[in-house]
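Here's the structure we're looking at; comments come further down.
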Amino acid sequence: MRADGREPKQLRPIHIETDYLKHPEGSVLITVGDTKVICTASIDERVPPFMRGQGKGWITAEYSMLPRATEQRNIRESAKGKISGRTMEIQRLIGRALRAVVDLDALGERTVWLDCDVIQADGGTRTASITGAFIAMAQAMDKLYSSKKLTHYPINDFLAATSVGILKNKQAVVDLNYIEDSSAEVDMNVVMTGSGEFVELQGTGEEATFSYTQLQEMLSAAQEGISELFELQKAALGEKITEHIHSKREKLGGRA
Amino acid sequence: MRADGREPKQLRPIHIETDYLKHPEGSVLITVGDTKVICTASIDERVPPFMRGQGKGWITAEYSMLPRATEQRNIRESAKGKISGRTMEIQRLIGRALRAVVDLDALGERTVWLDCDVIQADGGTRTASITGAFIAMAQAMDKLYSSKKLTHYPINDFLAATSVGILKNKQAVVDLNYIEDSSAEVDMNVVMTGSGEFVELQGTGEEATFSYTQLQEMLSAAQEGISELFELQKAALGEKITEHIHSKREKLGGRA
Amino acid sequence: MRADGREPKQLRPIHIETDYLKHPEGSVLITVGDTKVICTASIDERVPPFMRGQGKGWITAEYSMLPRATEQRNIRESAKGKISGRTMEIQRLIGRALRAVVDLDALGERTVWLDCDVIQADGGTRTASITGAFIAMAQAMDKLYSSKKLTHYPINDFLAATSVGILKNKQAVVDLNYIEDSSAEVDMNVVMTGSGEFVELQGTGEEATFSYTQLQEMLSAAQEGISELFELQKAALGEKITEHIHSKREKLGGRA
Amino acid sequence: MRADGREPKQLRPIHIETDYLKHPEGSVLITVGDTKVICTASIDERVPPFMRGQGKGWITAEYSMLPRATEQRNIRESAKGKISGRTMEIQRLIGRALRAVVDLDALGERTVWLDCDVIQADGGTRTASITGAFIAMAQAMDKLYSSKKLTHYPINDFLAATSVGILKNKQAVVDLNYIEDSSAEVDMNVVMTGSGEFVELQGTGEEATFSYTQLQEMLSAAQEGISELFELQKAALGEKITEHIHSKREKLGGRA
Amino acid sequence: MRADGREPKQLRPIHIETDYLKHPEGSVLITVGDTKVICTASIDERVPPFMRGQGKGWITAEYSMLPRATEQRNIRESAKGKISGRTMEIQRLIGRALRAVVDLDALGERTVWLDCDVIQADGGTRTASITGAFIAMAQAMDKLYSSKKLTHYPINDFLAATSVGILKNKQAVVDLNYIEDSSAEVDMNVVMTGSGEFVELQGTGEEATFSYTQLQEMLSAAQEGISELFELQKAALGEKITEHIHSKREKLGGRA
Amino acid sequence: MRADGREPKQLRPIHIETDYLKHPEGSVLITVGDTKVICTASIDERVPPFMRGQGKGWITAEYSMLPRATEQRNIRESAKGKISGRTMEIQRLIGRALRAVVDLDALGERTVWLDCDVIQADGGTRTASITGAFIAMAQAMDKLYSSKKLTHYPINDFLAATSVGILKNKQAVVDLNYIEDSSAEVDMNVVMTGSGEFVELQGTGEEATFSYTQLQEMLSAAQEGISELFELQKAALGEKITEHIHSKREKLGGRA
């Protein structure tokens, strides 16, 4: 049993509150244990310069933490005047992950901005951001589709993420909280589609290494955890959007 | 009657949720109409270099908005690499206003960081930040006092703020929402103490001017509105902290 | 009597030297006691992007101090790579104040840049900047009008500013020098039009507060001081420009 | 067969020139196909502030490309005034990877700076940097050990890296050149130790996804390629250093 | 004859106003034709980190132009957030030139900051800055010496500078104004000591080249012009300081 | 005799390797003693904004050092977020020097970027950069001319540079290495054309001064050294390009 009483393959309690803010086209407050992230999706009717004239859309993500989301107060990146390497890595990951399930041609020359702002941090902020940002994005894109601005449905599949790791006691566990994460030997973030394919796999030995067998254990734990996340996403998005995504996936030959 | 049905001197509905986050020493989610601000207070056991060795504390504030707090998405100041003039003005105002009711000697060589993060904006974000930050600060300081780290109570009086203005129809109104604010001829922010003294007065004709009579009307509306805010602050902070502040104020010769 | 022998409502000696530099469309060296500011007005035949296509002009101000304008040498903001909050606040104030008396439609799609560079500082640099910048601006705009580039006179009224404050001895005084300013309990900057209307009012208790009665005393001192400044502005600008501004003000229904 | 005539599991020709520069404690020019990277190791007798007083060392890496290392000239990051997200990700990866095989306690309070400067780029610059930086680091650390500044050997094992991917034709290949890399569906970087353990695994579907089977194919190709790299590292470092690393690994219980 | 009626070897009218500002230890307004520069010298009782503990002093210079010193308004470097290459070159030149005539050992661990702020520009701003900064520096250092803080006189010799050039008509001229400077084929700045030695020589063909003969002509014109500048410096500094510098020079074996 | 056994007027061994990199239009590795610089020339089919519409080309240079090109590791300018004054001075010098021998009209609206990256530094990096950049530029421009993109040959003459100086023992020497350079009393960089004209002359007394006679000695040493550099440039560029440059020079009336 883990420090907080969970089984190795047990996720923390998860809560998803949709339409959390009034201005954005899509917005979610996702709570994973004590980790809380506000994810918003904003539609911009332009694409960045390097994409212009191709008739395709773009997905871009930004990630930030409130200064006191953590135990110790962090200096704001705006006050430092630059974005840290960690933040850059995370926002590149979120954007890349979401692009993997979006039909950028169907989106047309539009950018969807995904803003993930961590209000409270207790481990797993990047995977909670991906899981939450998918919902905000799906809501924003559904509005575009419902208002007939798109001719094809732009989302090819569900997408969610979790962390897995190897603790000091060599146990493979899922959804690490901050205490577990900071002492784990191996830390891996896994992003998967609703069809069970991998989108991203980022495993790191923290001044340690891991074997092929340990990798297999972690991937199996991740797969189980992520399949629960898909059920929560479907409940949050409702039947109509779930249907739309499933039909699009089937058309593309994926698993319904 | 105003566009949203309010009387000229009527505040919007206000809600204060204390202990909103688990890490900070004090934290509040303050809601004023559709404006929502997370205010946190963090204790730092050091003072900035220019204050060292004087045995006194310091209060400093930072203010930010989520990119999609507003109707149009704003570029993050961290992405731009610099803080706008507007943000600087607001955070200087918040810090200065709160310092006016703090006994910096009683605080000892400590800094209290007040972070005001606007989650949703609909006018009056700077005055909501001051009113909310006071509560977060009072909670954090009360913890210091209760744990015997301070020998004197560090808060001299209550402090709250509201906006007043002159609309295009020449009417003086209190607590302007975004629509009112963006078309008002005069916009004034007023910060007052529980004893009815002024701390800050910032009145600006927006490509317009105002007379002495109009100034008097605005100040009277501000005074009434702020006295309601004090009642809400007392309810949020509870009887014990309210008592502490009142006794400190009496000792200093203020109005109980 | 004040430390330098002045009466509470007495301004310091003021000197205005027009046409101080050869390149700018308008330029002034304004001396208020030991405070010296070079104010220049530059006409730019474009407006910033957010103003384009509206047929209106724009006024923008920049403020800076020579490193050794002060008792202690200050690091240049260019060397630090960023502008301080104080500088931003001041330049936003100067620009906003001057826009209040300009008919931006009459100006056409032009920007007037007002540069206020403090050569020597002894308190009141921001109010001296406003008073001096008005003169530089009036000269530059008069050249535009005289050369038939404008069909209507672009200045609606005179504009000047001074500081007032409450000293430690509770006395309300006008035009504080640096020594007075740094120990005053309350510091207020007042910007008014030639018709006696307020444009800006910025009062701040410096770790102190002020009552309604003290506010009234300060405003009365400010009003008196500013009326003397208008006489000096008129003398500096000469009869023709003074006449033009007075007629424009009368047309708008202001007090001649 | 691949575009350049290689078998799927065949690396490009690799050349390692040690002692490439006269100033650094270790330096290498590593050539992998047309990719050329200068890797240097510099010993700094201090650690960063967050590590002080722990008696442990630190490894940090920086990565850069000459502006014309690529087909199109890139703007220098020094001219832009900031480091791109891609660069940050790569230099964090290199540092983290090398720390996994270093005994930071044995190193003592010293920092080893690893600078990887890409002179010419044709895919795989980050994995060539890791493979080359290991050699430069081993040489620099050996000098420390030989001069009796360290009591224990500081390197626990060999470390090398390569890229693997899935091409458009679904084939799993190793060591992708730029042409292959830019059209591959999946791109994975694998860092392994001489004992066959994983240190980092970063797999990304580029607007695509990958299955568990494809993951297994890629890992097998990576393992084979990396084992060849270890032979080249041993040849470059020579028998004495190879022996030292092998004995340290055995002491730690690793595979000799 | 030149466009402004001067002979080839004739300087523009020069005016030097000492004690121009009240705060700095030394200050000068130097006017060379229509070029006006405020030069101040500030004593700082510390040296930069790289100089500490050597018992020697340091001289450093900063240079800037008011935005409207020129025909067209320039964007402030503080607003751009960085200092241009031109500014850096000039301030490095000024500092280096002045260090050549200062006895840094005699100065002790102090920094003298020389700030050269161009109020109005019409060519030759860097040479006017050097000539003026020497005077401000000499005054500030004389105060140190007079107040017995120094045991040896810190200035070894006089120092002044002028520009020379080859015009389109192949004529060698001295002290070019802006019009001459912007069309000259060759532009050379010459800094010399009172003993007739060179300190700096910076000659540049502007998309042109120059022969050895032309170089000799320019140097001869520079020498003549600079000897006039020394007379003006001596008049401005007065007999006592002039005497001090001459005796120090004689002690060092220079020409009296 | 000098510390490394050279005669006063003897250059260090020089090696020029052309076509050093595969991507740039021109590239050279130039070795002068232990100083090694990679110089590349990149053709950009646009000019900077201030040159547009004039039908002329532009030459611009950038200079950088690898962090461990020097004895002590330097912090990267990209990490500092700004370019040092020294770097700016050098890259402005390189660009200006090369423009002096280019027929910008013949080049058409194109920019040639010259990147000089110092791999190893032992004095004279800026003059080695100029000498090497000329070769890279000549190769790139010859490709433009050979492919009939230009109607006139764009290079007017050869261009090379060396350093000269006065050592502590008052000896005038050429091509100073780092040890000599850091203790020299005078340091001068000389850039000359193949016809024996000067392009740049930058002489600096390092806390010292120099006489007219010393200047003549240095110039004579520079002239001799540079004439050797021209022979090496011709050998590196080959007969055809040498012929082209000579004919262009003759047409312009230069010395063949």
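Read from first to last, the chains carry the letters A, B, C, D, E and F; within each, the first residue is number 1.
FYI, a contact is a pair of C-beta atoms (placed from the backbone, for glycine too) under 8 Å apart; a residue touches a chain by one contact, two chains touch by 3 or more.
Computed from a prediction, not measured in an experiment: that's the story for all the values here.
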Lowest number of touching-chain links that must be crossed from subunit A to subunit D: 1
Partner chains shared by subunit B and subunit F (touch criterion as defined above): none
Path length in steps (a step moves to a chain that is touched) from subunit B to subunit D: 2
Pair from C-E, D-F or E-F with over half of its contact pairs in common with A-D: E-F
Copies subunit E and subunit C - interface residue numbers shared by over half, same or different: same
Subunit A and subunit F, separation of their C-alpha mean positions in angstrom: 52
Interchain centroid distance [CA atoms averaged], subunit B/subunit C, Å: 29
Geometric centre distance via CA averages, subunit B-subunit A, whole Å: 35
Multi-chain contact sites of subunit A, meaning residues that touch two or more partners: 81-83
Neighbour-by-neighbour ring order, given that subunit A leads and subunit D comes next: A, D, F, E, C, B
Footprint of subunit F on subunit D - complex, ascending: 21-24, 27, 34, 38, 40, 42, 44, 62, 64, 66-71, 73, 76-83, 87, 113, 115, 117, 119-120
Parts of subunit A lying in touch with subunit D, wherever the complex brings them together: 82-86, 88-89, 91-92, 96, 99-100, 104, 188, 193, 195-205, 207-212, 215, 219
